[in-house]
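Same chain, two partners: chain A is paired with chain B first, then with chain C.
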Partner chain A sequence: MSMIFGSMRALFDAILYPFRELSPLVGLTVLSVLFGIGMLVVLKYTSNQEKLDAVKRKIHAGLFEIRLFNDDLRAIMRAQWDILRHNVSYLGLWLVPLLIMMVPLILIVGQMHFHYGYRGFEPGEQTIFTVELKQDQGSKPAARLDVPEGLSIDAGPVWIPAKRELSWRLEADARGDYQVGFELDGERYEKNLQVVDYIARRSPVRPAATFLDQLLYPAETPLPADGAVQSIALKYPPADAGISGWDNELTWMLVFVVVSVIAAYAFKGPFGVTF
Partner chain B sequence: MIWSPLHRNGDMHSPRQPRLAPSVSLLAVLALLAFALPAHAYIGPGAGVALVSSFAVILVTLVIAAFAILLWPLRMTWRMLRRKKREKAVIKRFIVVGLDGQDPKITDRLMAEGKLPNFQKLAKQGGYHRLRTTYPSISPVAWSSFSTGTEPGKHNIFDFLDRDKRTYLPQLSSTAIGSVKKFFKLGRWRIPLEKPELRLLRRSKPFWTILGEYDIWSTVLRVPITFPPDEFYGAELSAMCVPDLLGTQGTFLLFTTRRSDETFKEGGLRFFLEGQGPTYVSEIQGPPNTFLEDEPPLTVPMGLEMDANGKGGTLSLDGETHRLEVGKLSPWIMLTFPAAPMVKVTGICRMQLTEAGEHVSLYVTPIALDPENPAMPVSHPSYYSTYLAKKIGPYSTLGLAEDTWALNEKVIDDGTFLQQSYDIDKEREEMFFAALEKLRSGSLSCVFDATDRIQHMFWRYMEDGHPAAEGIEAPEHANAIEELYQRNDGLVGRVMEKIGEGDVLLVISDHGFTSFRRGVNLNAWLLQEGYLKLKEGTDGSSEWLRDVDWSQTKAYVLGLAGMFLNVKGREEEGIVEASEMQALKDEIVAKLHNLRDEEKDAIGINDLFDTGRIYRGPYRVNAPDFIVGYNEGYRTSWDCATGMVSGPIFEDNVKAWSGDHCVDPRLVPGVLFANHPLDDSEDPGIVDIAPTVLRLFGIEPPEHMDGKPLYERSRFGRGTTASKADGSPAGGPTKKAAATAAG
Partner chain C sequence: MQRQRTYPTLLLGLAVMALLAFNLACGRGEAGQRGQRVIVLGFDGMDYSLTKELMAQGKLPNFSRLAAEGTFTHLGTSAPPLSPVAWSNFITGMDSGGHGIFDFIHRDPKTMIPYLSTSLTRDPETFNLLGLEIPLSSGGTENMRRGQAFWEVLEDRGVETTIIRMPANFPPTGTASREISGMGTPDLMGTYGTFSFYTSELFPFPGKEIGGGNVYEAWEENGVVEAQLHGPSSGDIKLTTDFKVYVDPQDPIVKLEVGDEERIIQVGEWTDWVPVEFEVSAMSSVSAMARFYLRSVRPEFEMYVSPLNFHPDNPVEVISTPEDYAGELAEASGLFYTQGMPEETKGLSEGVLTPEEFLAQAKIAGQELAHQYKYVLGDFDDGLLFYYFGNLDQVSHMMWRSRDPDHPAYNAERDAPFAQVIEDLYVEADGIVGYTLDNMGEGTQLVIMSDHGFASWRRSFHLNNWLKENGYLAVRDPNLKKDPGFLVNVDWSRTRAYGLGLNGLYINVAGREKDGIVAESERQALMAEIKAGLLEVIDPVTGLPAITKVYSRDDFEYQQEAAIGPDLIIGYAEETRGSNESASGAVPPQMFSDNTEDWSGDHGMDHETVPGILFTSQPMKKPATSLQDLAASILAEFGVDEFPLVDQAE
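This part shows the complex of A and B:
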């Protein structure tokens, strides 16, 4: 499984590399269009196109019926009921392709989120760097945070026994792509921290080596399975995905969905897909 | 799986918090589904598309419905204010099922044999009569009389074809189709600045227009002579005379590897299929591209990859592939012809590989206007054809949809023709029942054409010694006509199941049928008798009377039914003075009365009917001067119909088109079945239907109508019970019930 996530990281780093210095909208648009087309292909081969077409036709017929028999209230209500019924069938016909699309979508959206959902720190910004340990240490563990030049520890560590967490407040002093080290019982663990202004893969969490954790945070290699650390987290600021003032982790998704839906509509004719 | 960490920048939170438990995730997903954007974000564009489409549908539905409901009281008030006053309707629905050409003699025989139980039942319930047809007894004329309640002199339809009085060339009798004259030129492109003229030449109001004036809805499906469609309170799908995409009345295409310089005499074009097998290429030609100066034909490239086993092939058209089997008609195939940037012309056709072996041949039906997006108006309202296409799927819009020419030319076989005809009838039946289901009160008229077409093409198997069946031993479809009548019987049964209290059902045909064994070339007769002269150096074999010397010609024949005099001041080169007309008419009538076919020792023509005597309306001046009353077994010959003069006067008809009705109208009445006994059952005619409908809906038929109502309103009145033909009560609706139902 790690290999799959590793491959996805490498793939998306390569795909998005040409766009890293450009406005996020450019890369997002290109990827969204490609995804929209990919979705068409999946839909073409996994959905029952004939049934989709048939149910769509029935919906359209219902709409025409409302217009045609607009003097007949009973006919209008009946047409409405038929339309709603066919609409449910329509959504039902999407289930299989949606389930099939889900698998690649999770992998792809995971990667995109960690490229476009967060921005890198600016010099002078602070963040909380938190290490969660696997086992209860009894007392504050003798751990050390190895902060490279360009970052500094502003406060900490704070030990919260109930949560088995050690937290530091770090401050970015200069731009750079850093590895922050954490040492415990002679073992060293690292977490990537970016003080950069270009688009890059950045994860708020370096997860444990479990499937679910990797699925949720596929942007960074998982921690060693036999290590003492459960996870290392920090808080990146949300990105605006190129839409000024829309600083939110989900802004990119808005762009992604809108553009890919438009692309799907635009290319459905050439690809001979009905939906 | 929500990538939305809950902690904010600078806050101290557990790193576990961003990971939500599955149940929480599920709840979040459900919550997100309630809001469009996060839902898209989560499930992705696939769901986005599904939800956007679905949401749009619901939104549009609600908006349209809300508008319709909100405007309903206003609309009703407006209608009430505008509506003409009438008496209360005594029926709820008036349903006419037209079985074009159903013959009473065959019907009688099969009913007597017990093979038409539903017709029998309907006859017993209400009645069964011969239905007087029109002069001439052909569909465009008869159905026009059906719709207008008038004789041809008042509705102006006398034949399929009329002649241009200036050029003597044929033109459609029912529709004037013009061309665009004004363009905006842009380099090689030209943008039309007007719509071409499209005018229905039928005169007199059809009954559905009159019903509409009184706020009574009508649905009219494929009743002949409704192109371009009438505008009235109701819906109409045009029929006869709707052209194909090439602008003709039906031109099939044959793509073949067989080299031949021969052209089809009727309704077909031959194209060479290039290739060395198994791959062949060609292109399908569409209509001329009027957006370009020289109007080159629009084309769609076509490729055909034959299977190694020779049982079928794969056709590729503009990137789309279609599977074809030898001997099997394909479903409807859409053809898209790009005409200009953003402008496409679409049509639909069916295809069949008719041979695959040493030679490959591909038959393409005439390309019908796409019902979803027709290049010409084929319905009222304009979206009605689209609605029907959405409701029942693609269907043929062509006026004469069944490809009789292809069978005549032996491009397709009997089985293919039957399949095509039945498929078209099935489309029609679906339309009919869809309309019937929606009709709560008003009228519904639908004409089914298969009865006419199949009798035309399969009569040769009905009788011994038909010249068109010579050499055909034990034909597979010898019983096609009997099976057809039985299919019609099934249809009638299904319709009867849907008929309720207060409904009047009429099952009618516009004319009957008879054999067409011998063709009569009256142009040759006129030549022989000296009424028609040829130009010097010609032999009369040119079509459309091109060899005729008009300066010496007194009479000529064009079309199926009529004969014209070459009248001075009326025809461009007319020579017959008005004062001579009647004497000349009488002379020709006398000569053609009981005209004998000496070779067969039979009468070929019973009578010649002087239209000056049989028509009364204002448009009789446009009529032929005579309607020819051919005897049974005779009809105008193929050569004569296309304006050829050469050849014998009488000749065998060897075409598959072997039955006809274009004879003495007294010989081919139609049928009338009704679910209520007629009050006036003496010689009912097709012209009586329109006044009947009006009367039952409380409208006094206009005086110009020639027909007489077949029912009295009192039949459906309070306390009056409709009685069966045998005199027992039929359980017909009381006036109260009917009036209530009629609203």
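This part shows the complex of A and C:
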């Protein structure tokens, strides 16, 4: 499983590399259009297009019937029941392509979120760097944080026994793509921290090696399964996805959905797809 | 033929468009002098004598440079010389009789209930329908200052104005191109600032409510302190939001969690602004922000939380013009205190903060403004820029005794280390002036002014006690141990005059006051009698007169708003001030007392003893001698000859 997530990271790093210095809207638009077209292709070959077309015609017929017999309550009720029935059939016809699309969608969205949902730190900004341990240590662990030049430890650690957490306050002094080291009982764990202004994969959490954790936080290789650390987290500021003032982790998603739907509508004719 | 007509038509069209554009650029009325740049920096409470003294010592090189190249003089202040009054004089070019601000506190003669003078909050109007409150109006806040603000005259002539933190300007007028409201802007609770203090040791604070703040019990249990931030009320519901403080079992450091926000705080550290949301319903919430200060974790947990300030991105009340300007400033130069008077003077008075902690907090507030000023100055093209600095005033109030060994509350061991604090702030102000001189551009007129000066406040005069002792005021319960103020112990059936506000004295006039007993025809004679009596009062400790001036509101140049003010305004002798007790409407048992409060410097005295300062980088076209003249002088720089306009003044 780690190999799949690793491959996705490498793939998206490569795909998005040409867009890293451009406005987020450029890369997002290109990817959204490609995604919209990709979904059309998947739909064309995994759905029963003839049946889809027929069901859509029946739904239209029902709507037409309602307009035509708008003074006949029984006819309207019958038409509405038919529309409902055909809608269920329509959704049923979408089921297979949706299930097939679900897997790549999750993998793609996961990677895009960590490229476009967060921005890198600016010099002078601070963040809280939190390490969650697997076992309660009894007393404050004798852990050490190894920060490279360009970052500094501003305060900490705070030990919270109830959460098995150690937290530091770090400050970005200079731009760079850093690996922060955490050392405990002779073992060293690393976490990526970016003080850069270009688009890159940013990982708020280095997860445990479980499937669910990797699915939720696929932006960084998981921690060793046999290590003492459960997760290492920090908070990146939300990005605006190129829309000034819309600083939110999900702004990119709005752009992605709107552009991919427009692309799907624009290309459904040339690709001969109905939906 | 058709083609030949096209070119003249095009030319004509272009000419019309050019005329329209010119007209738009020049605004609605007659054209003022565009391209002119005037920067006015207001340093609240900057004292003329002290400034002169420090300049002579060479400690204020930029002020000295300004004085050498331009002008330096004292600036007459308002009577009484209180900030809301003084700044209103400046804004409107009128005295209290014209703008209607006479003190911090006024009273409603119909109810005899005191209220804050500068703004009035109106509750939403509702209609009760079968138990449901149907809203009819949204309520809001009204600026009680009357008269036209001088920058409106410039805007009417197409000159852009940027007015940052002008006191007595909340809600902002909405007439400047850019405005942020200043002194008078409340916190989220609607007060001038209500801090919260969380402690596991309530012993020093037997009452939960203390002046300017609330004390809450909070203790560590299994390594975590769980408490609530207390917000305003929404209907019958008191809004709160939870926060947790995880205390390190070994070191003096904690992790704070409020909503999605988290901070690590070491003992003795202040956080940056922490955004806070108060959930009103599933669909709506109120945005605010606060700074946290961790005082100690052992043996007692002690944490101060600043008053809940409006979040500039989403303020509950309008605090800027245009409304998103506050957010723009925050985006460009960082979050900032939106409450009008951010320095935590009450925290120091109530013993919640030490002098060092108070100064650290005041420094944060001052640095925010200085940082923001650099952005605003850089963004200023032409027209008028006004920027206000209030730090000096608030710190002078609290630390003045440290430079006055004769002050009754002076304690050498405690106060001597702070002897230079006020001077240091003057030096910081000098740095701001230097930065401005270096960056304001050729031909800019720089005006540096203050609303009043400062003096040591050593002795308190209890006006209501004097009125009682001289038979003008009677009390309901002479044995009342702790008078709560608000005039509740006044026996109106036997009272002819009463004191309220720092300098105000009112006659209990029949038909005007709720239970008035003095006939209007007797008012002048009574005023004259009281005035004569007050001017003869001698402080038994100093052997000097306690009062050097008594003004009648009938003497004001402007009279349109005079009726709401006090009948007499007391000008206390230098180093004497009206007591806080009398100001709040209490009747204290003594006539004089030493001022032993931390609030040791003041200016609520005879206005001639506490003038402000006025520097200009070039001689002004129309020199000003007082705050009331200054707006007209500034307008004259733009070619405007008349202010206040006659119709406005009337």
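Note that in this section the second predicted complex is superposed on the first by the 265 of 275 C-alpha atoms of A that agree within 3 Å, B and C clash if a C-alpha of one lies under 4 Å from a C-alpha of the other, contacts with A are read in each partner's own complex, and residues count from 1 in each chain.
Rule of thumb we're sticking to: contacts are C-beta pairs under 8 Å (C-beta built on N, C-alpha and C of every residue); 3 or more make two chains touch, one makes a residue touch a chain.
Please read these numbers as outputs of a predicted model, since none were measured by experiment.
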First, second, both or neither for A:266, with chain B first and chain C second: neither
A:167 touches, of chain B and chain C: first, second, both or neither? both
Which superposed partner A:35 touches (first chain B, second chain C, both, neither): first
Touched partner set for A:209, first chain B, second chain C, both or neither: neither
First (chain B), second (chain C), both or neither touched by A:237: first
First, second, both or neither for A:159, with chain B first and chain C second: second
Chain B versus chain C as contact partner of A:140, first or second or both or neither: second
Contacts of A:128 with chain B and chain C, given as first, second, both or neither: both
Which superposed partner A:101 touches (first chain B, second chain C, both, neither): first
Superposed model, chain A: greater residue contact from chain B or chain C: B
Intersection of chain A interface sets (partners chain B, chain C): 128, 158, 163, 167, 235
Residue numbers on chain B that touch chain A, as the complex places them: 1, 3-5, 7-16, 18-19, 37-38, 40-41, 43-50, 52-54, 57-58, 60-62, 64-65, 68-69, 71-72, 75-76, 79, 217, 235, 319-320, 381, 383-384, 386-387, 389-391, 393, 438, 440
Chain A - residues contacting chain B, complex: 32, 35-36, 39, 42-43, 57-77, 79-80, 83-84, 87, 90-91, 94, 97-98, 101-102, 105-106, 109-110, 113-114, 117, 126-128, 130, 132, 158, 163, 165, 167, 204-205, 212-213, 215-216, 231-233, 235-238, 249-250, 253-254, 256-257, 260-261, 264-265, 272, 275
Residues on chain C engaged by chain A in the complex (per definition of touch): 222-224, 246, 248-251, 253-255, 262-266, 269
Of chain A, residues touching chain C in the complex: 128, 139-140, 155-163, 167-169, 235
